[in-house]
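What follows are several structures.
Two complexes come next, and they have one chain in common, chain A, joined by chain B in the first and chain C in the second.
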Partner chain A sequence: MTRRLLWTVPPVAVLTLLFLYPLALVLQQSVQPDTGGTSLQPYADVFASEAFRHALWTTVWLALASTVGCLVLGFALALVIAFVPFPGAKAVARFIDVYLSFPSFLITLALLFIYGTTGIIGSFQFLTTPWGVLLAEITYFTPFVVRPLLAAFSQLDTAQLEAASSLGARPWRVVRRVILPEALPALAAGGSLVLVLCLNEFGIVLFTGAKGVTTLPMLVYSKAILESDYPGACVVAVVNVLISVGLYGLYRVVSRRAGA
Partner chain B sequence: MSGGIRFDSVTVAYDGNVVLDSLDLTVEPGEVMALLGPSGSGKTTALRAVAGFVRPASGRVFLGGRDVTDLPPYRRGIGMVVQQYALFPHMRVEENVAFGLKAQKVARGEIRERVALALEMTGMAAYARRRPRELSGGQQQRVAIARALAIRPDVLLLDEPLSALDARLRSDMLAELARLHRELPDVTILYVTHDQVEALTLGDRIAVMDRARLRACGTPRELYRAPADEFTASFLGGANLLPVTVGEEGVFLGGRRIKVSGEAPGAAATLCVRPHLVGLGDGPNQLAGTVSEIQWRGSTHRLCVDVDGNRVMADVRELKDPPAHGDSVTLHFAPEDAVLLAAGVTDD
Partner chain C sequence: MLVHSRGAKWAVWAVFLVLFLPVFALPLLVVLGASFATNWSSALPSGFTTGHYDAATRGEALQALTTSLLTAAAASLLALAAGTWAALAAAGLKRRYRRVLDALFVLPVAVPSVVVGLAILVAFSKPPFLLNGTREIVILAHTVLVTAFAHQSVSAALARLDPAYEQAAASLGARPGYVLWRVRLPLLLPSLTAAAGLCLALSMGELSATMMLYPPDWTPLPVLIYAATDRGALFTGSALAVVLMAATLLALFAVSRIRTRASYR
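Entry: the complex of A and B
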């Protein structure tokens, strides 16, 4: 028994040193205003500021919209890759694996090359608007939905699809009534992953150069680096962490209830 | 007349590999046709061509006189049951059975009625609220049958429906299927199987397939009593196949004259005798040999006897004092129990 307990020491030590301690420092910093002492004043200041509320709203709606976009696009793509036999379907599936390893700013750069002010297609101003960020996030994060869906579809018994169509179901009904219900756990997994990643996305927002688009991570960055307002930055960071952890908890509850 | 299936020179090929070679076959309305053959014989492909899941390279498929070759599966109105049940795991039993009715936009009240009826027929009414994973294999297959019957198809396709079940359950389900067919005499059934017992039990007629081709087609009795060729004889029931020569003076096995009722197909022929029709001891058509193998099978003994280099199998009632390996024995069979087949039609 003691030997087993000994084995818990290394992971806990690493976790504490590399993760929990810095997190505690951030928490501590967030309740220590520049004026000295310990108070919740930084929280009051941040929550009262228009910039914070705006950033919070922008973060949430961008993340939600991106997630919905990724789910719809990802489901459609995965359906085609898994069920429409076309030459190269395997290669496409493999490319999606590679795509997952790309850094997020790369896709933003690619979009800039195509649509940006000096881009191939021409200068579309929308890249520097929230819509540009949305486009980039959907483009980058869709494979995170496709991947688990393809895994789920490969488990799906094609005899079920055939049984459904022999019973008179048209392809669209087969998708809705047979494929979609069985893909729900994979959609929930992919969707919640994308949601959390979008909430914390920094590179894409920075690289689109969208001036009006300030998300929570951007706010942390500008407060800490540009304004040297460390307590304020830490407050925003704490809020960001809380939202992420909260969403994760929600996902666990929902997925357990769905029996996944 | 509704129902009925007709294959008109149906050929199916995958990447240039012919898996079904110019099949001509008519299944009459209300008939049970057993498609019997080893794996890779093309029997499942033939069934899938009727369902619409494979497209013939040439030839046409007719259902109830209507050419359905170009129709998608969902417009053919066919019931299908496969080996692995293929139930929808996220739906309850009753939802599974209702699936086809909803797809065909049947009125809500009628759906409830027909689901109840289909579950009643298959003895699954008590399980309506269960999920497929809570059922045994046999129960799942009953649900699959109920689901296929609920849409009231003229044609029911059964693709090795009992192969995933254990032996005991299989014979129960076989009786069950026979009962269902008695209750639904108008439904045309195409029953794909590699099991000769299922084919003999259920089939009004049996179509024997081998290597993408139809080898023989007839009633179970015809095919069993007078098989058309060596493949049919050995695949359907097992048979002694002995090379004989036919001349003016009669039929000769080795140097021995054999009496056979029926016509000889040519100078070189194959004598076909079922093992259970071969007796031990003296009698007509006597064959002497030495026992090379003996198997006790409970109610019977199977003797394998070496007769002038030919292996002859005999299934006899359990012997009190069975011969031992190497003993000399005499076998016999009645002239009317033997059939002469054309020699060497099978190339193996």
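Entry: the complex of A and C
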């Protein structure tokens, strides 16, 4: 057993050097203000600032709203692909896989053409509001819900659906009473993954160039790179990590329960 | 299956198209269309040109593309090595230790990439490790971000691996190293290449951590796309984005070729 444990040392050492040690330094720097010494002053300063509270609230409600949007849209799309198949449904499923390999900021770039200042729809300032970010996040993250749902639907015995509808259940009732209970684990797992990814999303927000929409990752970036306020950036980073890692732990528990 | 009457089927498909097209197909088509246009003020782009591509495939842009490809290749190889090693080492452990190791290696997924960038910037800007402003710092950051994905897919594949093969090899007298090299790794090759593809794609499109720490002489393509759109050159940015997508797809295709040749063996 000890020899087997020894084999884990090299990868763990690499991870510690490249990831855990840097994170520990962020934590350390967050309690060391520029004036020297160790104090919780950076936390007090950041928590007192209007910008931080605003960013925290924006991040949380944007992530929650995006997740709900992705779940609703993803469930509807997966339902059609799996149970009302049309010629080309397989190709659509493949397309969704490819979609996942593209970076998120492409969506915002496209939305800039559609709704931006020289846009197709017109030059109303939709993108610089949180609603533009919400639309982009729902667009980008929905495939993360569709994929586990399609995997779950492919395991579903279609005889159950046939039995339900031959007993007179209408499609809506079949969806609600047969399909939805089967899909719940996949929905929970996909939804919590999307929630974490939305909390951490940076590219989409950066590309909108919206001054009014600041999320926590954006605040970390602007404090560190634009203002060179490293203690402040580290405080925001610690808060962001705590929220995300807590939620991700929840996601792991849920997806393990679901057996996914 | 779910909807039986023909009319209802068509209605469902129509709703699907209305949801699917604007949400998924339109963004890609818009970027593609814009990359060939000089202006876009009505419903369709106008002023057909390939000029943006001329600019997007030479000089600074070409350098950014090679930077992205090199960074992605280096980070994917490192991540694959570390992730596979960790997954293999974890597979031999007791359940309790294995869960700790797994949790440790998926942690980078949960931590925001911006924070990973900040952490690496803070840690490697001071002695004993001075890497600030080098290309290695970008590669290291990408490695940290993608290792979790490599580890996850390899350990999922390990769990599905039939232990009969390695047991048979071992019972015939093969040493553990030989079993690993000739039995387990070849069986894992398809999932290793799949993991490599995932790592490549993620690293090619990585923007958040890169924005925190890229040096001026090592600018990956996503940063250049941001710089272009930030100064208002949206059409140039679109051409660059199409180049990025095409390069990502080509790299994925090349990696998937390895898989098919391996599975014939």
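Points to keep in mind about this one:
FYI, the second predicted complex is superposed on the first by the 249 of 260 C-alpha atoms of A that agree within 3 Å, B and C clash if a C-alpha of one lies under 4 Å from a C-alpha of the other, contacts with A are read in each partner's own complex, and residues count from 1 in each chain.
Assume a contact is a pair of C-beta atoms (placed from the backbone, for glycine too) under 8 Å apart; a residue touches a chain by one contact, two chains touch by 3 or more.
What you see is a predicted model, and the numbers here were worked out from it, not measured in a lab.
Of the two partner chains, neither chain B nor chain C is touched by A:46. Contact with neither chain B nor chain C is seen for A:183 once the two complexes are overlaid on the shared chain. Once the two complexes are laid over each other on the shared chain, residue contacts for A:220 go to chain C alone; chain B is not touched. Residue contacts after overlaying the shared chain place A:173 against chain B, while chain C stays out of touching range. In the superposed pair of complexes, A:198 makes contact with neither chain B nor chain C. Residue contacts after overlaying the shared chain place A:163 against chain B, while chain C stays out of touching range. When the two structures are aligned on the shared chain, A:241 is found in touch with chain C, with no touch to chain B.
Here chain B and chain C are compared by how many residues of chain A each touches, and C touches more. Residue contacts after overlaying the shared chain place A:96 against chain C, while chain B stays out of touching range. In the superposition on chain A, the residues of chain A contacting both chain B and chain C are 162, 165, 171. By the touch criterion given at the top, residues 1-4, 8-9, 12-13, 15-16, 19-20, 23-24, 26-28, 30-31, 34, 39-43, 82-83, 85-86, 88-90, 92-94, 97, 101, 103-116, 118-124, 140, 143-144, 147, 197-198, 201-202, 204-208, 211-212, 222, 225-226, 229-230, 234, 237-238, 241, 244-245, 248-249, 252 of chain C touch chain A in their complex. The part of chain B that touches chain A in the complex is made up of residues 51-53, 72-80, 82, 84, 86-91, 99-100, 103-104, 144, 147-148, 151, 157. Taken together, the chain A residues at the contact with chain C in this complex read 1, 4-5, 7-8, 10-12, 14-15, 18-19, 21-23, 25-26, 29, 73, 76-77, 79-80, 83-86, 92, 95-96, 98-99, 101-107, 109-114, 116, 118-120, 138-139, 142-143, 158, 161-162, 165, 171, 174-175, 196, 199-200, 202-203, 206-207, 209, 216-217, 220-221, 224-225, 230, 233-234, 237, 240-241, 244-245, 247-249, 252. Within the complex, the chain A residues that touch chain B are 157, 159-160, 162-171, 173, 177-178, 181-182.
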